[in-house]
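Next come two complexes built around chain A: one with chain B, the other with chain C.
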Partner chain A sequence: MNDRITFANFHPVSLFFYFAAMLVFTMFTQNPVLILFSLVGASLFSAATSTREQIFADIKFYVPVFIVISLTNPIFSHSGATPLFFMNDNPVTLEAVLCGVDIAAMISAVMLICKAFSKVMESEKLLCLFGKAAPKLSVVLSMSLRFIPLFKRKFKEIKDAQKALGYFKSGSFSESLMSNARVFSALVTWALENGADTADSISARGYDVGGRKSFALFRFKKRDAILMTITLVLSSVTLVGFLLGKADFEFYPYITQINTDALSVILYAAFGSLSLIPFIFEVKEALHWKYLRSKI
Partner chain B sequence: MFKKRKDIIIILAFVMIAAIFILNTDFKSVDEYYLEHAQDVENADATVFISIKCETILENIEDLDRNLILLVPKDGIILPQTEYALRDGDSVFDILVRTAKTHKIQMEYSGGASSSAYIEGIAHFYEFSCGELSGWTYLVNGEHPSVSSASYELSDGDVIEWVYTCEVSRDILQGGAANE
Partner chain C sequence: MEILTLKNLSFTYPTEEKKAVDNVSLFVKEGEFICLCGSSACGKTTLMRLIKRELAPRGTLSGEIFFCGKAQSELSERESASEIGYVLQNPETQIVTDKVWHELSFGLENLGYSSDIIRLRIGEMANYFGISHMFRSSTAELSGGQKQLLSLAAIMAMSPKLLLLDEPTSQLDPIAAADFIATLKKINRELGTTIIIAEHRLEDIFPIADKIAVMENGALIAFDTPKNVCRKLKDHRACLGFPVSARIWQALSGEGEVPLTVREGRTFFKENFSPRKNDLKTEEEKRETALSFSDVYFRYEKNAPDVLRGVNTTINRSEIFCLLGANGAGKSTVLRAAAGLIKPYRGKIKTAEGAKTALLCQNVQDLFLMNTVKEDLMDILSVYGIKKGEANTKIEEISKMIGISHLLEKHPYDVSGGEAQKCALAKVLLTEPDILLLDEPTKALDPAAKKELAVILRALCKKGVTIFIVTHDVEFAAENADRCALFFDGEILPASDIHTFFSANNFYTTAASRISRGTFDGAVTESDILRLCGKEKK
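So, the complex of A and B:
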């Protein structure tokens, strides 16, 4: 279990419901208020569970991605009523620019939520959730969620070995580019071989032959029920808001007004608190820890 | 970081590619764009007539995207029949582009003027805006040509109608089909 993250101590079922709700709501809306809440909640949680270096590395990754996505939309989408200027006789419109920013925020939020999901749900939780119903799916899920950090680590290993061999020494840009390409090709070769080896090893140990029982240390306690109830209540309120069209938002051809009637505000409040839940747990635990230490 | 001659060559190559892209892109302000062809309209020997209509949307208004409802003209006519100067080799597409510029009608196309222009949307009504079978098509002198509007060359006195269809041209051809 991941000791650094308080939120990871909940029961897999409650956690899965929470992340499923967040992902579905974030992916199926264009409403900038909801996307902003989702983005803020996910980035606060990510910041609260990372070291300072990781936070800087994340900013270096997510900000360029955000900018590239938001610039791509106005180049290819020329709909919208307010042209800013014309590029090769095609209008670049205000609506397309804002829609691009909205899409970029949505994609970053979804990526951050997925990142939080893989941080919180380790393979044993996934196996506990789906191990009986879909053994193959749960192995594939837990293995593929592990791939990116695994490849990152292996990339660094190969690079270190090549540095020891004397590559990357000249500090020249083109040569370091070539050396990185060589490291990458070695990584791909290793990844393919590793995949085949893992598959052999799994079947050699008799996974999915039947009659195999698994043991999981997860008990559904009171606080898991509380998290589950909060998630269910808040996401039902959000769902009702979605079904009533309170989350509707259109960019083309004119940007619609953001709904501000009572029902929409309830929807925003419900979704806002839903997206802040993990961050609140982290802060609460950190404060509690500080308080206990101050008494020593 | 950049220590060798190879580095400088690579950087220069990147800069060149970026420069080629930017130099080949033509940037115009909104005013420049709309004023471009305004003076071409007058004094010509040959003329054609063009109109832009979306009456079919009025009949299928329940299929229309909700945020477009306020934009539908009450009589379904976006541009009433208007006379335009015809230059040598002008296609239906060229005339539409000029008309849209002069009247500041929003328009988007893909494919370009060379041969295979496809009109994606006029006046914010796009393909699929009013049901799955909807889009823009055109008639010349009441007939429905089977070539792209950029390949149809016009002659003096032709009457162009740009019409929005909600049923892949079936709904607009009923009148025309009776003549055949």
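So, the complex of A and C:
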């Protein structure tokens, strides 16, 4: 379990709702304010949960991605009313450039949210979610999760045993391919043979009795309910804003004005807070620990 | 009250004519600890599986099985699943899920218990079995012994009335095996769970079992208290795995109280024999060196600790050299280095001029790639570029020598543990090694198969092959090695002949040595003791 990340300590169901809301809103808007909030929130959370080296690595990855996407749009899209210059007789417009930046920000935000999701929702949390819906499916998933490292290890074991006998000796490509194929086929035989054992173990423990219920270590606590409520309230407000057209934004042919009426501001505030929740929890916990340590 | 009753139970597999279980009648009282023993393929597993309905093999069954007074067919699925627990042999494959806690809860989930009850039960189990520190770990991270303990705990979580265990310690090292047996004893004594365990390693089980059931060719030939079984089955081949004290008692007098433990064995000796001086020391002769390590250092990763820390040793030509030591200490790494699978970062490993090495790994199944044993043997020869006609004669020769001619057409997974070991050995020997490296060759072998292996190894030795064995099987080393050494703290401690080695050790030594110490100093095996008593074993 990822204990280091405070946000990961919430119940899978609450987390799932949170990330689902963030992803849907981010993907279905073009509004630069909302996208900016989403990007900032996801970046801050990513930074707060990474080491210095990881942050540098992320910057090295995301900045080029951002630039490439921003540049791609004006090269291919020539809509828009304000040409900046001509390239091969095609206009490069201000609208297309800004739209490219907007799309790049949106894609980066989605990628960062997905990254945060995978960081926070380990296999166990996913199993807990699936287990509620389909108790038998969760067993299959759990078994697969066990098999992958097991197969990897077994493959190496078999290969080593063969190496010690003189297979893989010449090191030529064709020989190594043949020998690897042999090892793989041996692995499959092993898996099938031992799968029978696992099947015995499963049925010996009453898998076929019926009425299986899924169990998970997670317990729905007060703080999980609080996160859930906050998520629901803020997303409802955001959703209402979306439905009332307050999040609408167009780049072509002219860039629309950003709405600044009271309802829009409420929408921005709601979505902004929603985006920042994980980061706020991270910072709050860090400060809390600092305070505790100073008292000790 | 009888918890389990078998009445005239017989069973035949569909493809075979011989009965796998032959007219077995057995009455088990509640709370009894019963050990089922007998050579491989004597029908132990079949009998155990018949008792657990979910695992019963297909075939013709006659006779009756009653559990708690009810006929087996009348048990509900729920009763059958939860009240009869079954622990399988292989720790690797009977674990189903990826996390320890999930493995513990698996059975309870199947029975549809609520989350609160499951939480309580698995917490309780994790504590009782001392595995709470790895509660949230991945099952893949556990050692073999821990895995087996987890399997046991997962079954105990369902609170069975009857616990069946099919050779649960055969894949474990002796220390993990002793721990496991001790846990079984605790369960039996503290919870009153009835236990039936099939086992080869009887040294630890005999003293705690209430009754021993001995099977041969599918029939039950004895079912009595351990001491009575020892009296009854004198010189029977089923006695091969019995505790050393009892075996020596059988060979010497066969009268009076039967000693089962080392302590009882010592008392038996003190009372019946006067101290005798040992003259068993073998002369050390100067021999050619086959393999030498000089200051070998190795680590798996740059920043990892050293596994080999200046290994220094020489192994002589055509001797059997045993390296003993605890699990995970790095013994296998020594072998891998000798086989050239890993390169030391400092120091030298030298083999005699032109000598070839071959390694037989711990899990012999890893060696088989083909659908029949013969194809597999052909395959290794083709890798070495040997023509078909020549290959056939070579395979014939080797199968005759090792005694696997009748197995050549079988699938390598369909033969017993001992047979698989022999087939793997044949494959390794086809590469014509001068130095044979064996990693835990006696793991999962029954006493008879161990004896056969010892004979083969000795024959190879006579042909000039050098044999380097890594093992924790102290008894096997004492009976078959020429020299032994202990691996500890990344080093091989100085080697010596077996009599010097085992009589100098107080703890890391054979049961025979512990029993006879003080009376017959220097005797390390059962046959040593018998020789000193003037009773040569036939």
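Observations on the structure shown:
The rule is simple: the second predicted complex is superposed on the first by the 214 of 296 C-alpha atoms of A that agree within 3 Å, B and C clash if a C-alpha of one lies under 4 Å from a C-alpha of the other, contacts with A are read in each partner's own complex, and residues count from 1 in each chain.
Operating definition for what follows: a contact is a pair of C-beta atoms (placed from the backbone, for glycine too) under 8 Å apart; a residue touches a chain by one contact, two chains touch by 3 or more.
As the structure is a computational prediction, the values presented were derived from the model and not from experiment.
Touch criterion met: A:F86 reaches chain B, while chain C stays clear of it. Look at A:Y291: by the touch rule set out above, it reaches neither chain B nor chain C.
Once the two complexes are overlaid on the shared chain, A:T189 sits against chain C while remaining clear of chain B. In the superposition on chain A, contact is made by A:P135 with chain C only, not with chain B. Once the two complexes are laid over each other on the shared chain, residue contacts for A:A204 go to chain C alone; chain B is not touched. A simple residue count on chain A separates chain B from chain C, and the partner touching more is C.
The interface of chain A with chain B does not overlap its interface with chain C at any residue. Put simply, chain A touches chain C in their complex at residues 1, 123-124, 127, 135, 139, 142-143, 145-146, 149-150, 153-154, 157-158, 160-167, 169, 182-183, 185-186, 189-190, 193-195, 197-198, 200-217. Every residue of chain A that touches chain B in the complex is listed here, in rising order: 78-79, 81, 83-91, 170-175, 177, 250, 252-254, 256. Contacts from chain B toward chain A in the complex involve residues 1-4, 6-7, 10-11, 25-30, 32-33, 66-68, 71, 97, 106, 108, 121, 124, 126. Touching chain A in their complex are the following residues of chain C: 52, 54-55, 77-78, 81-82, 85-86, 88, 90, 92-99, 101-102, 105-115, 118-119, 136, 138-140, 151, 154-155, 158, 336, 339, 341, 358-359, 361, 363, 365-369, 379-380, 383-384, 413, 427-428, 431, 437.
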